[in-house]
């Protein structure tokens, strides 16, 4: 269970909780099927929950307790080999949360799972922190590869654009696709000074954090390290700015092949999302 | 390149080699798609080749030099997501070896790759060292899962029986399947005293070594550790006995999640197979 | 959740389960306070549950499904610094299980937690697999150190004797204590041939497995490795023999400082206990 | 022995040394009792000494040889379970150094050991680099937890204030305590531009470096990683500024769960402290 | 084989390649003989090649495909104990590349191998990214130690000067040597703003990247971590600026004692060199 | 310091010690120069001392306290690149011990250091536990390689024979050398039943334990794993039998590339040697 969350029946690790409904629903999606280089994303959800145990319940900036924000952890949706089927099943679980007016917090698993997230949330804008464009049409013959996920999401009905922050590599085909009007790429060097302005206002937004957006020093436990990446504070500031507009969130591509850096950062960004999201509602 | 092997053009790490054709063909098959628990078999072939670097070229028991036995390393057949297609492609590569009258030495990769090996070699008897029966009809809806490989091989035309040594676990369905006439299970406790007698004589045999047949102490770097397993000398003695009858060999399920024990054992057993196989021919 | 177990409300990972009460209650006790050398037993329960995921539900020897044996996993009793208080709290949780006529399956944590187990179960005989005698009166001034646990248990009312299998080291004081009538030490070399005969018959028995009873090759992930230890099959045979007589079980001293060998063995022995225990009831 | 230090009898690794007394006294304090999440601080002192072996004896900035600065390594004060007793014993060892007019250099161990350091040095100002406020009154019922250490030090007679640099998390109670006049918190984002001015002038100062003040990328080997932290150069500049005023120093919370990053940084900051401290004396 | 490179016979991993000659020649030099602290540079070349597998063939900035740039991988020049002999042999291999008008890309191995590179390339300027000055005359009695390599290179006929970027430590002797006219040291803090201007114009340049120039967070897998180092983007910008002038390149001191960070950075910088070098030629 | 040993001045970790002279002298020899495959023997002595911390001072079998047996730890003889020089220096240190009528206990370091041990002790019989014959004349052009050490020792004046237990591999040249009258090879399968009888009686004996004599499961932390090896109890029984006759002992080839198994076994065998050696003297 994500530390500070309750389980489905309202039981809580962190004390009494008498809320009627959940505001946020954590779902683990340990898919590890198309990981290109180093596998292990199947251990991502477990690892994120574990390394989040050290964080204080209280957040000073927003003056809130995580455990009082109505976060429910529904556990993992166990993955199997048939990716299309799995994504449908996962989408169903996330859609339940959406129908209950909760914001899904998806813990990957490979980036492919964002497709289920976006299908359930039906955003107009897909905001993504990622080292990669993920705009391939297919990869190794598979159109549901993690390397195609942003392309697939752009094809969903209702999705108007993708904003990819921190991207620094891609195939020529991907860079060409990125030149279309519905894609904005913010290179890592420009993320610190980038602002969404009022671009997200009044629109449905889904925020996806591919942990490899960070420089490998900050998240070595990921499938495809790509140097020259983002600093954690830059990622945090994006999360803080987008969260109040977002109806869905995921953090993906964390594996168990480091000393906890990737999972620690992923858990922290998930909490930043929740704290910033709620802070909006209350103002 | 497997230490002591030559590459396809007859170049050799170990000195001059003027043979016309290969007697053995090493092929890496880094498939890592259906691994149930801990992934990493994609690093198996590389790791086996690496940890084999420490072995002496000369084998005292058979008075032979590995580098003189005509072993050619064809490198890896890179894996992708479509397992049926991949197995066909791999089978093609192995069949080339068979048609050249060489014995394929397949380095996995998950156990599924043995299906390609068996298809290429077309054995009458499938001998297997494994902790698991691998006799499921499907696993997680996938009939090409590593957990189904022995069942699939039994369905191949011409395969008359499977002899599984070291098996200690399986589903009820698998154990029932194992009671049929075409399956012999030798539990780990009985392997030391087991002998094939003349059972393999005059028959086409394929030998598959799932490294998890060993006790986890000897091969922790594998996807699904199963305690109470075989000792390496027991596995070695099976390899020595079967090799002179076998026209195909593989060692599978080695990953990179230990300190080299699994890969070291896998490389050693591959060499034992070659030394024992050749020794036969010369007598 | 231990794979194959259900949670407290009857929910199950493994299918429908309509039992009224539990036969076995898993409780994690991640105490890591007095570990002498290498710490990490706090990760023991989590790690045992994780590495047990690879085991088949079905057990051939006893023809049983683990998930049908009424095993409930109550999660962990979170540890804190005050050991006496913690042990009392833990004892309460375990006593609840005993009062419900279930057999507690305690996952350590350091060996000290066996004291809570023994207090809850109130055995006449304490059977223990351990490299160490654990018969110190105090260790570093602490009479609740893991190095004193068997001594403390011998002092409990109703406990008549301790049988320690695999012990190969101790202080002179401990060896002297071990010469008293209420202690039997079976050195590792003699465990294979040791039999309890009818010694346990009709008596209340508690079985404790300190994973360091195994040789370090089989369980390097433990606080104090002690070479020249037991083989897993020897430990298994003790568990099989004692289980039908035992009303309480624990496996302790597993940490996260290996590649899963210790946890895998611990989970397997826990299952062997359950399978053998039930098999008794049904005959 | 810390590389470049001598042992108590004046023997030296680094050449002849005929000094009468020590200027600095290294003491290891491998306490690992209240570590919240990942244990291993017991290996901190050993690991810091080891990874310091690669540093050059000579420091260009201050034109000094570390081995000529009168650093004596008294080894470790072995830890045991009784924290109050242990702290007293450790305090005694450190007070000996203080009475000999040497500056103690304490290598933790968990942050709790700073309490012994502060008691021995009796500072007016406690300067601390830390991700955490450590201002709890008790933690898990323990008022000597590492999470309470700055609070405990503020209660010491003579301690006038605490300046905590890099703090980014705490409980609500801690943040309230932090608002009192005797606590200054400099958030990580402001450390680069922060200056003590003449605030430390003429006052007794103790400098404590909790390695988790650094961002996890720079020190993953610590008990509770907290993202968005300090960069090593920021920590170094604080050490350089404070050292000339400080009569005591420690670096704490280093464990062995990374590839040496945390220990390497800790050893380097210890050397920076010594070089900067002496540079002052000579001007 | 370095991903995207071809082997000596023109075979390619990445598609058809009909070039007559190579523009760049990759040579691994796994020397690991004088490594001071943590050994393992013998695994450097293999590890760099492996972690480079995740990089896209296409480079957006220069609009080039790595696999089309004529990079040939000649494999490793196996190391042995006699360093002078080994360096000669290695020099011969590299000189072959130079005579074929290709730029050698040397993958270390310890820094000593740069001496072979510089002898083969015969540069006027030796540009080096390194935490260390490497200007010792001898180290432990060995004048071919990695700690002497820049000094040795300065002694080569034709070498006019060394420019060392990121250096932050050295012996007093080295710093004195560094004050001579033929050495320029750019401390880490000044690298970001440093520019070569026209200093390299029209001169033969060799670029050597000692991976320990990076801060340990970015490259923990190296023999002697030295905190307060360069950020990867700073190193990248130096590589980009120097590459169009350089006729030789190496990246050294990568070992296997981290989670891939050092190797990933090394592989990336090698590619940046190639992309930037070619971009020059085409303008 | 080896746990239970005293330092040169009679100071002791384990209590008061008023002995005049040492009976045993521990010397670390972290040579790591010719290691063929995986380096790291430079960390051997430190690691053996560390993992020996968990052992009880008291030994039941011989009824002795290790700390009362007069073991002095002289620390490490730091290694450098010039092997002939280093061996001479090391020999000098060991000879000092011999002249003081103490038995040297050498902790390697690569096997080459045994040559210094044998030169200092001047045995008539060299008994060795090793996977390898180490009978090469030169290896990679180096006659002081670890792979030549037993050959070099046989060439020493006074050495009459070598008895190598557990050897299972070697070059053809080595096996031929092994057929001479002065070499006895006991293959691993025969070690359990082997007895020295009165062969060592009245002769000067040196006992060398190459940890790779053990099966890799028991000692994965070594440079060249060789499967099908000895069990620890078999090694122990050889040590127990030889110790009472031996005037010198070493344990070599331990590195830091496992989870402590190799070091733990090495420390234990060292203690067995001491206990058994003294037991002899007192009877």
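The letters A, B, C, D, E and F name the chains in turn, as written, and every chain counts its residues from 1.
Note that a residue touches a chain if its C-beta (ideal position, glycine included) is under 8 Å from a C-beta of that chain, and two chains touch if they have at least 3 such contacts.
Here is each chain with its UniProt name: A, B, C, D, E, F = Agmatinase.
Remember, predicted model here, so these are calculated numbers, not experimental data.
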Longest centre-to-centre distance from subunit A, chain (CA-based): F
Subunit A on subunit F, rotation in degrees - Cα superposition, rounded to nearest 5: 180
Chain located farthest away, centre of subunit B as origin (C-alpha): D
Centroid spacing, where centroids are CA-atom means, of subunit C and subunit E in whole angstrom: 55
Distance from the mean Cα position of subunit F to that of subunit D, given in whole angstrom: 40
Geometric centre distance via CA averages, subunit C-subunit B, whole Å: 37
Multi-chain contact sites of subunit A, meaning residues that touch two or more partners: 215, 217, 258-259
Subunit C partner contacts - residues on subunit B that touch it in the complex: 36-38, 169-172, 175, 189, 215-217, 220-221, 223-228, 257-259
Touch list for subunit D against partner subunit E, complex: 51, 53-58, 60, 65, 215, 217-218, 232-233, 236, 258-261, 264-265, 268
Footprint of subunit D on subunit C - complex, ascending: 32-35, 39-40, 42, 80-82, 85, 140-142, 145
